[in-house]
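Both complexes shown next keep chain A, but they swap its partner, so chain B is in the first and chain C is in the second.
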Partner chain A sequence: MNKTNDLLSKEKVVQSVVIADTFTDEFIPISNDIPHALLSMLNKPLIDYTLEFLSLGGIEEVFLFCSNRSELIKQHIDKCIAKGEGWSLTMKVHIIVSESCQSFGDCLRDLDAKGLLRSDFVLLEPGVLSNVPLLTLLEKHRDIMKLDKYATMTIVLQESGVGHRGRGSEDLVLAADSQNRILFYNKSTKNRSKKIEFPLEMFLENPSLSILHNVRDTRIAICSASVLPLFSDNFDFQTKDDLIRGLLMDEEILEGTIYAHVLRGNQFGGAVASWGTYRSLSQELMQKWIHPLNQPRQKNRILKNNTVIGACSKVSNTAKLSSSVLGLNLLIGNNVIVEDSFVFSDVKLEDNVIIKRSIIGPGCIIKTDCTLTGCVLGQDTVLEKSTCIENGLLQSSTPDNESFEKLSNKAYKLLEDDDSNKSHRLFVSDDEEDDDEEGFSESEDELSYTQSPVPDDTKLFFTEVIDSLTRGFDDNLVCENLILEINSSRYAYNVTLKEVNFNVVRAILLISLREPIGVQYFSHLSRLLSYFAPVLKNYLRNESAMLDSLQAIEDVVSSGENIKEKWVIAVLQHMYNKDYLAEEVILDWFRNLENSGDLYKRVKPFADWLEEAEEASSDEDDDEGSD
Partner chain B sequence: MSFLQEFQVVVLAAGRGSRISEITAGKPKCLLPVGPKPLLWYPLYKLQKSGFYEVILVVLENQKAEIQLALEKSDLEIKIDYFTIPDTGDLGTADSLRLIYDKLKSDVLVVSSDFISDVNLKGLLDTHRAHNASFTSLLIHPQHSEAIIVPGPKSKHKPERDLIGIDEQTNRLVFLASASDFEEKLALPMSLLNKHPKIKMYSNLLDSHVYVLKNWVIKYLKNEENFTSLKGELLPHIVKKQLVKPPEATNTNQSIINNNDPGDIFSLAKEDDLELSIRELSSFNDHTGDLKGPYHGDVIRCFAYIAPKGSIGVRINTLPAYWATNAKIIDYWNKVAHSKELALKSSKATISSTQVDDKCIIWENAKLNEKTSFKNSIVGSNTEINSFTRVFNSIIMNNVTIHQKVALENCIVCDGVTIESGCKLKGCLVGSSHVVPEESEHTNEVLTESDRLMEF
Partner chain C sequence: MQDMENLSDVSHLVNEIKHKKLYNSLDIALKTEELLEKLISHDQWKSARELMKLVKSRIKFIRKDLPTETTATSIMRHILKIIREEYESAAKKKGEGQSLHQLVTANSSDILDYSENLGSLRSSILDHLGEYKVEIESSSDNIAAQASEHIHTDEMIMTVGKSNTVEKFLKTAAKDRNFKVVVVEGAPFYYGHSMAASLAKSNIQTIVIPDSAVFAMMSRVNKVIISTHTVLANGGLRAASGIHSVALAAKQFSVPVVVLSHMYKFTPLYVVSNNHEAFNICASPADVIPPSAGKILNDIDVYNPIFDYVPPELVTLFISHQGGNAPSYVYRLLSELYHQDDYDV
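Presenting the complex of A and B:
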């Protein structure tokens, strides 16, 4: 071939880079045996959808970057090409293998070193499903580059309302100016903060800008050629988000701008990054949102109750299947129940097995009478009869690390180091809770935009509580009614539960201090505390509430009221004896006190006594001698 | 018995013009000449043309007579109900409304007396009607402003800036604060972003200080004595309250006292039952994207109406605004005065000069003697200007006497000033009743009796 001709044609080729690995442990234990790209969605590997999307989008050359189990992916791609899949006719797929890459950033640095990409390209993170016409997006990006020579990347976003499942556990907040240039980017996972801070400058420099929270990242990005060198120059960039944050932070140093493109109309995009997004995308795929991508119709049968099952499966008449996706070659016994679950191919479910909100990897055998709720089972796991598991990760081989529990020869339960972090990956739990939480946060916020909170309402609430309780005590009213009063004040003044606990205890203590401290005082105090027993019981329900009440005690002591030394101990003793305060909570609280403080000295004897009591493991209550 | 009007109009003209004290000393701010009319004429004429028959005009007690006199001379047909507030003490806009509480029975359109605009108020009122809003605010895109040189000493003019957040889908006003309230960071509650996932934040919109308030807002204001200003305190407070959930209805059978006191903002804002059930039965929703009902079930709803781009809208509360508007008033005239004929030179003025260009505005009873020259200037009533004097690009207010051989350029000369012969003033502000001695020469200065300024 003529040399110039060769160059020309190379120039024109529309290129794309697909990173095949997530580099997270999100899909453990399934991902131990199956690379992310081959994860089956509606009985077709994810990579097939991605490649189909790329070829429909007009891409001619794809670099598929694999590191985990690349040989499986290679085999699969070869098989597809041999079969003559649609995409293989118009698109060239190069597989790049690099076992040494540990992150998304490493892959791009590796690509940069190889020098395969010369101009703009489409960059996909793993597991993308979409129907976006990529050529128009590339065109648009080039138009932007004509106006802004530093334009580095256009990220493609999908509109998605707050609370939509497809958002997964990520919460994206971004601000863009009228040209859709991103000025602020914040991606956080579920442990959300109540407030989000924006630099004031940003608002003053731009006459108007949009703050978006109704979008999710499709993980499709249109990149200028400058993206790869940026990764090479900054070794600490591990992910695309690192790049975006880096560019926004030192705009002057790195000279790059990021633009956003929000999909509209029938365009759709999303990526499988967690079981949550896996579920929502398979549902969207099933309901043809991503047309023309579709489930393999020759393999799948669509049943009622929103369920799909693969070919060659045998299902008993008495099995109940709903809202689930089931693989090929299954054997499902009598009275099996499968709800909201994904069962991969070659699985055997024996009689009376119940599976809810779980993922069963390929080749598993679940014997009779097992019940699984919220579990993920790795490939070839075998569960013995009558096993019941909730929220567990199971795999067939011995895990590398120490923390596991052996259930049988081919079933090991992984124990998580910090369950708070991992439990949300089991796509099940979060969306039910979500609504409550949201409503709650709305009600309790005093919503000041500036940093210093306005405590006025809390103060007012406190005086209300004091009034209610004093009147209640003087007029001998029923405590249930007092609780109702306090609760309604709470809503009127929008105070948090924490503040309620704190203020109620504080109020009771302060009321008691109206009596002069003397011989009479302690009997008065204990009378008061016993009178308000139902109130205390109502509010001091858990450890955090106890901690609040201890803080109240601390507050009263430090408020400078004329208090006898014994007072703290007396109060603690009483509340401990009546079980309002648990031993551990008191000790924990005590350990966090300032060692030199006055309070510390006063509480020390009591704490020592508690510790002794613990050591002696004497459970019986001591007498209430201190009053 | 008379019908309840849909809107009552209140024009607030009790401002002291403290930001432009150089030119408002000894004169109501609302009577500053702008082109051929006093400032107050513009909003009143606007209201008259918008179909209002009656306004309540709030003025300071000691300024009432002067303002009344000035307005009686003008050609306004709208009925003006004067309401005076004490001129001692520093009463804010919210205080004024609190004082006229008894007169306000309907929803209230509040207009500031320093607002000159060609915006059709219908858009604002319709937004308010459509959503049964708690209040609706009129916002205006900034005017193109070329750099202008303002008389007086050079000072850096830093405009106050508001941060205004509007839900793009529904036009709900969801954020209102002044940029100076923040230092480096601005924190938004996540609940706000969850509820309004697409907010457009503006930092350059002009708050016209034209508001439509629901009547309950006035009632609420009556009880809350702490608010002194509408813009600075009451309205941001109501905007924030949109996010707060109303207290849950407590079961009254069991509770001893019903905690909902009638002054609570949520009890006041409560909508008509009929209105609620109509909304419940209809399929109307103001937004999509979540599964919440119309307005998220909020009873407090603030809205903004942004005037179409290119509209004229200025507030005369700073010297640059006053100066720039006067320079442009002839261009603006057809729009802001609804094509009313512009009488550049009052028929009652005595003009003997032959050099008065057609950008000059001469008020009644002004006396321009022979051999004087005027360019691009305003000459107020009862002002006399003697021979061999030239006045370029200047504003000369009422009862001014200018002797011979005076040269004025880029000056503002306030009421009752005497400029003796031979003076040369360039870029100066001459405070009211000041006497500029013979042969003075000044550039970019404020000339005034210094003790007069101290009052403010």
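Presenting the complex of A and C:
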């Protein structure tokens, strides 16, 4: 007790804010009945881990911000305090209920209005599990604030190598200077773009900086008191990421800096934000990464094959369980197979049920011979005999919206909107295949980076050319005028002749590709090419220009547009016949092609034919046809 | 509810141990003793039986929450024994003076039920506790005082990791002896490094070696002196991981293994227990392989146990503040320390 008093007199009480809701639909349909904070991980609600972590970290006062089903959370917290859980002795927990809050930002605005927080505090997003000593982090943040009075936030990051499952679907890239001040922050989730652009000033202004990619966000942040007003002033900030992005973009206006702290040694942190991170964190918890946070020893039994089962469960001898977490009071029948799954409490699995990569909510009953792969079942779902479902979300009550399919009285399958990425939601589509694919494409990307970084002017020139040509073709303008236009753009954008050749041919080819592919296509193509004949003739004057145009063809083919197989040959044929391309140039170019490439295979018949040096042009069509 | 309220003191203690505010076994021991002293002097207990029940509920609480914590429970067990002794002597004093006849027959006939309300009990227990506290506080000095009997000039001593008791022992010996110390660093925590630094500061010739070099080094070592977390009922040790291999190497070269142990480290527990998880703790694997390792972590399980079990046949001698004892004598020490009925609470 003395200690608390000392702290009180010396400085203010150490406060923390926990936002209990994710405000996303990641955990539907489980989250319909169970608030995120009470989601059980290894048979203990997430919030218990979070609170234990806070009390271990030295926090004395917690504001728990709930909006969805707050009464359940309140009950749970009251029960814990009555039971005398460890954290309840050293920490005060206040529950703040605000049903009107629709986002993380709203919660912070509400907190600002309430004026409960006066000094630095620890801000946790939902589902944080960690063993970080928070007091030392707060101390560090205060030191930073002494040097930089605009320091608003220190975000805590966990090292996590590329390819580690715990990274989840988020990809974080950030750059920090030697003081760990964040200069650049990019978090991409669903639509992983493979390119990231760093602002050049970042490198010019800082003598040294580090770019971090092997980290993940623990969703723990040490905040100065100025964070809350920032949220209040900017109504469009919905998440922490919005705030970070906003501060980085409008540095002059908002006046706030953000710092990063990367955890080292045996300090560990993570947050449950999706089923993917749920799975990896429960594994990390099992493997003691978050020591001293631990699974409830009294409730759980550890079986072989990485499986944990709760107390009072009855499992048949013939059941096969592997890499799964099973809840309390289960009934598991004969020949049941459970793999890579999470089964919550009070579930009944009858004989011959097969469950793979699925999440079964509490109280579900799954009757004989059912097979579930990659499914998420909400609370109390009942599946009739011999149901087979793959990659579905099921719940027991009728969903509000219309897109559902009724399987039985207590099982409704939610149909997803097309735009929400299913594989992203279910943790199921696993990394292995995914990763291999990525590794491959990544290396490809690197190649293309080194080949030709296209300067912006050329890009603009190219769009200009495309515009001129389409307009010319549509309005039937005289080609000489088009050449004039192209030439003037060339000087405007200061583009080399080589690039002009390349881009003009590329533009013509791309315009041709806009036409619908059908029987008429090739005739249309030849019409287009003959229309632009004066243009082509004007630019393709020597061998190097021809080579440029061939490269353009190559570029168009490799750009992955929807291209008919015969397209390359048709184009080459046409250009050869009209003497835009010389035979030797084509053959030279062909020899330099990669032997295994698609293009090589496509061009080969044509090259062979050229080599044979047949002259009869009347036979060409037949030749082509028979090839 | 009433029960819960009463246990808040012990859950504070458990929390402090969990939060690593109390780390040292001596600190834990003193804190536990203070806790019980407070309980005995302030709580409204009427008879020794009620008091024993209060203490026992605390032992149970600790065993449930911190199954590997033995210091606190040992202190409580010993205090239970003190309560019993004081009650017995108080009860005897009340009646007639003891005759030899009574002493022989008493145990079998009238079993004490500790329910009598004896006025003087509280003060006599507190007196006894005061003595016990002094004993705990002076324990490491008393152990260190025996140093010169065990360490001789020009000897080479091996120790593992860091222990305050061993440190004091070696430093005391260094006052009038000249010897070398080999410190095994104790991966992956490397407490040995700070131990070596501290020894070197007091002008002891110190060599740090990696754990893998223990066997190679052992042939030149005269004595292994270590500390332990717990001494089990059979004389085996629960000690820092890595000590088992050191003890095996010592056996191979017939090097004596001396274990320094406070009395509160002796427990009536055996390694073959139905709750195996209570024996060992696994720390975070991050010390073994960093989380930045990436993909490989998806496919492997990493274990980082904190303790080793060392069987009694590998231990030559225990040194407590009362002097040296062989492992085979541990059972006798236990019966002196704790009452038979309190072995399993």
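Please note the rule applied: the second predicted complex is superposed on the first by the 428 of 627 C-alpha atoms of A that agree within 3 Å, B and C clash if a C-alpha of one lies under 4 Å from a C-alpha of the other, contacts with A are read in each partner's own complex, and residues count from 1 in each chain.
Following the convention adopted for this analysis, a contact is a pair of C-beta atoms (placed from the backbone, for glycine too) under 8 Å apart; a residue touches a chain by one contact, two chains touch by 3 or more.
Only a predicted model underlies this, so the values are computations on that prediction, with no experimental measurement involved.
Student: Taking the superposition on A as described, I'd like to know which of chain B and chain C A:Phe203 touches: first, second, both or neither.
Tutor: It touches chain B, and chain C stays clear.
Student: Is A:Gln298 touching anything from chain B or chain C once the two structures are fitted on A? First, second, both or neither.
Tutor: So A:Gln298 only meets chain C here.
Student: Should A:Arg165 be classified as contacting the first partner (chain B), the second (chain C), both, or neither?
Tutor: After superposition on chain A, A:Arg165 lies in contact with chain C alone.
Student: Give one of first, second, both or neither to describe whether A:Ile290 is in contact with chain B, with chain C, with both, or with none.
Tutor: second
Student: Please work out whether A:Leu56 is in contact with chain B alone, chain C alone, both, or neither, and reply first, second, both or neither.
Tutor: Only chain C is touched by A:Leu56; chain B is not.
Student: Could you look at A:Lys83 and tell me whether it touches chain B, chain C, both or neither (first, second, both, neither)?
Tutor: Second partner only, chain C.
Student: By residue count, is chain A touched more by chain B or by chain C?
Tutor: B
Student: If you stack the two complexes on chain A, which partner ends up touching A:Asn266: first (chain B), second (chain C), both, or neither?
Tutor: So A:Asn266 only meets chain C here.
Student: With the two complexes superposed on chain A, say which partner A:Asn214 touches: chain B (first), chain C (second), both, or neither.
Tutor: Both partners, chain B and chain C.
Student: Residues on chain A in contact with chain B in one complex and with chain C in the other?
Tutor: In the superposed arrangement, which is not itself an observed complex, chain A uses residues 159, 161-163, 214 for both chain B and chain C.
Student: Flag every residue of chain C that touches chain A in the complex, lowest number first.
Tutor: Checking each residue of chain C against chain A gives 1, 4, 7-8, 11-12, 14-15, 18-19, 64-65, 67, 277, 281-287, 290-295, 297-298, 301-302, 304.
Student: Where on chain A does chain B make contact in their complex?
Tutor: Chain A residues touching chain B: 159, 161-163, 173, 175, 192-201, 203-204, 206-214, 438-439, 441-443, 445, 447-451, 477, 480-481, 484-485, 487-489, 491-492, 494.
Student: What part of chain A is in contact with chain C in the complex they form?
Tutor: By the definition above, chain A touches chain C via 55-56, 58, 82-84, 86, 89-90, 131, 158-166, 214, 265-268, 287-292, 297-298, 306, 431, 435.
Student: Show which residues of chain B lie in contact with chain A when the two form their complex.
Tutor: 142, 161, 163, 165, 168, 175, 177, 179, 181-195, 197-204, 240, 243-245, 247-248, 250-251, 254-257, 259-260, 264, 288-291
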